[in-house]
Amino acid sequence: MPVITVHGPKMSKEQKAELVKSFTEIASKIMNIPAQAFTILIEEMERENVGVGGVLLADREK
Amino acid sequence: MPVITVHGPKMSKEQKAELVKSFTEIASKIMNIPAQAFTILIEEMERENVGVGGVLLADREK
Amino acid sequence: MPVITVHGPKMSKEQKAELVKSFTEIASKIMNIPAQAFTILIEEMERENVGVGGVLLADREK
Amino acid sequence: MPVITVHGPKMSKEQKAELVKSFTEIASKIMNIPAQAFTILIEEMERENVGVGGVLLADREK
Amino acid sequence: MPVITVHGPKMSKEQKAELVKSFTEIASKIMNIPAQAFTILIEEMERENVGVGGVLLADREK
Amino acid sequence: MPVITVHGPKMSKEQKAELVKSFTEIASKIMNIPAQAFTILIEEMERENVGVGGVLLADREK
């Protein structure tokens, strides 16, 4: 522990690597817990599988 | 916030749009929070990745 | 399955009962799955434990 | 309820069936709840979508 | 990784310790991953915060 | 969307505010999504409700 789960858009491997690195550094410092204890799970969501304000993101472009 | 996560079966885009619309309307009314504040995440689960009563859904058809 | 998780505000028992009833009816109809199969998990979040736009909800009232 | 969510590696159908069976048996006994009440959700994670100690699992093989 | 999240009833510390021990042993063997890599998160749910079949567990005793 | 869920230790309000601020800034930059779109959910876990390597954190101090 801690476990950080990110539900977000499709990302490149480089973006994910940077996100994992930066999140772990910041959270490790704030929580005063060694970086090694952190697990980060990235769930890339299709725009058709996310709704905001009652509308699918995939339908927002129309 | 609020965030509503739905782990369910494969659905068509129309089903997802309807689910997002209806859930947001109902929850907005019950919680007295503007629809715009709601995020809904849909996780479509393979039948092979869900167990009920100790058996995979994919094995229940046998 | 399906499992619906709601991260939202504190609610009264009546609000939760209504939310569970309505969500199950709607989702059961849309997904064509019997109501009995639905599990709904309600996670009531303290305003101090939710951030939107980089600010804790608890700090937004200031 | 209960709902058990497993974020883990790719697994074969046999591994998933065994995991669901064993988890349900053990948890049913420990919690004294009938096996039928248990839902298990398996989320197979790409190594590129998991970070441990600030590094993507996919980058750990280098 | 892996991360196993259990949404279930209130449990004693002994029950939780046994659940964590057994789940880790079983999953470690099935996934062929060292026990040390496993994180288990237990979310004890109030009966008023869980709905099954459209009814709160707390309302099922009536 | 995006939604970031943090399962971690008890934290002060100041720590949570800093975590929400920093995570949002970093993720907004990496994902190129406006900060306003980000929701962060913090779940503070009791040591008795977290297992690592098959042992409850609460039992690790012994």
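Observations on the model:
As written, the chains take the letters A, B, C, D, E and F, and residue 1 is the first residue of each chain.
The working rule: a contact is a pair of C-beta atoms (placed from the backbone, for glycine too) under 8 Å apart; a residue touches a chain by one contact, two chains touch by 3 or more.
In UniProt terms the chains read A, B, C, D, E, F = Tautomerase.
Everything numeric here is computed off the predicted structure, so don't read it as measured data.
Steps from subunit A to subunit C, minimised over paths through touching chains, total 2. Counted by residue number, the contact pairs of E-F are over half the same as those of A-B, the matching pair from A-B, A-F or B-C. Over half of the residue numbers at the subunit B-subunit C interface are used by both copies of the sequence. Set against one another, C-D and C-F show the most C-beta pairs in contact at C-F.
Subunit D has its Cα centroid 20 Å from the Cα centroid of subunit B. Annotation for subunit A: residues 1, 3, 7, 19, 23, 37, 39, 41, 43, 45, 50, 52 touch two or more other chains.
Contacts between chains form some other arrangement here, matching none of path, ring, star or all-to-all. Counting only pairs that meet the touch rule, the chains in contact are A-B, A-D, A-E, A-F, B-C, B-D, B-F, C-D, C-E, C-F, D-E, E-F. The touching residues of subunit E, when paired with subunit C in their complex, are 7, 43, 45, 48-56, 58-59. Listed in rising order, the residues of subunit A touching subunit F in the complex are 1-9, 11, 15, 18-19, 22-23, 26-27, 30-31, 33, 37, 45, 50, 52, 57.
Only residues 13, 16-17, 19-21, 23-25, 28, 35-44 of subunit D touch subunit B when the two sit together in their complex.
Against subunit E, the residues of subunit A that register as touching in their complex are 1, 3, 39, 41.
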